[in-house]
């Protein structure tokens, strides 16, 4: 995927309706690597007053989607596993997705979600299936 | 957890800020069992025009939270695994969470997410840690 | 898959070298459903004197393989998630694998592992990819 | 955990009955890091003639156990997720487990399993619960 294609993907990601509603912003996108952030606030809370697990997942999943589509082939998530370590502190989360390995049709990604202090909030592993069509 | 406590939990769940923003509604809540629905629309789409995986996860996770807190002890998610089967059709999703088993401190839940046609969209397994405090 | 094909699969499973070494026995095999048992002993212990998590996994995985190959199409495991609930008591484990759902290429299975007392030891979710070739 | 304690853990791991039966050998053990290898052969095959997924898991799980017990506190696996990438080639597998992060009670580990060619065979994420007792 050339620099132009990455630019196109960046633009598309910024317009993702679900991610936009959560204020998710793309910080970095390279082949097999993506970094995104999300502000925390009232809208990301659950009924116990904590950050909702699904908000943490949303940021991780968006980072996963960015990284696994960075090769120019359209990829679809098959399985995602998230382990929650500790409730976040501070006003935002940062997620970084990295490609662990790729076979012909399948790619595996690790996504780490940290809070504003740099403390680990969640560790995520995602499995994606690659299709031959262009993104 | 008596009927009154379940009523209290129902009320709290309806006020969950993250779930409310997605239009998630509680359909049924009993001990170890919860059914919820979520409308699909522009706000649940990803940059490829499909339903965002994190929107599907959000509904499943909320059903998981409802079921694992239905015993009156506060439970925290440790690990959630989601397998995506097929893109949803129709205008809403329904998730049903069921307790598979419980040991002293840990509970495991299965959450199935179906679309409006009743076709399976995702299968989820959640592991929760129970604390002794009351919810 | 007709009755003859299920008989053939039963025979193949009984000859699985890895499963045989662990003493795994097939108790039941139908379309989308399998039940197997494994004796516990010195050979299934870990360095802490407990039943090895990988021994528990081995029984679950064999049940998963039996169930997901019971339709006559060769299936390959893509992802397996195991949650451990409690150490087993007694001298054997029983695992039951059940098909949760199937789309065109993908099937999801739930496998429950119980000990001799019928207490839950592990809950497992498996994702398999189906190929068109016959088993 | 001092050097002596790591020596003690190394010795215990070498005597693990389940791992010994599979020929698993410890190559490296440091705090939060472990590398192990396992020979492939007839005994690690499944009924389709391929390396059994549970054999691959066994090596990964043993590496996980080594790494998560390397701090001198006894740790118990709660959840393990394995994604299979490609069938292994060659006569052995190598697994490396690395600590991703640790909170007060919980640790998350990534385990990569490669074949003799260095090609990725499986990617694994493990969640462990720490107890206060010494190993």
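Odds and ends about this structure:
Labels for the chains are A, B, C and D, by order of writing; each one numbers its residues from 1.
Note that contacts are C-beta pairs under 8 Å (C-beta built on N, C-alpha and C of every residue); 3 or more make two chains touch, one makes a residue touch a chain.
Note that this is a predicted model, so its numbers are computed, not measured.
For the touching copies chain B and chain C, the fraction of interface residue numbers used by both exceeds half; the interface is of the same-residue type. With centres defined by CA atoms alone, the chain at the far end from chain A is C.
Of the two interfaces, A-C and A-D, the higher number of touching C-beta pairs belongs to A-D.
In whole angstrom, the spacing between the mean C-alpha positions of chain C and chain D is 21. Chain D has its Cα centroid 27 Å from the Cα centroid of chain A. Separating the centre of chain A from that of chain C, both taken as means of CA atoms, is a distance of 33 Å.
Counting partner chains per residue, chain B has residues 78-79, 81, 83, 106, 127 touching two or more of them.
The part of chain A that touches chain B in the complex is made up of residues 12-13, 15-19, 21, 42-48, 52-55, 57-58, 61-62, 65, 74, 76-84, 135.
Interface of chain C with chain B (complex): residues 79, 81, 83, 85-86, 100-104, 106, 108, 110, 112, 120, 123, 125, 127.
By the touch criterion given at the top, residues 78-79, 81, 106, 127 of chain B touch chain D in their complex.
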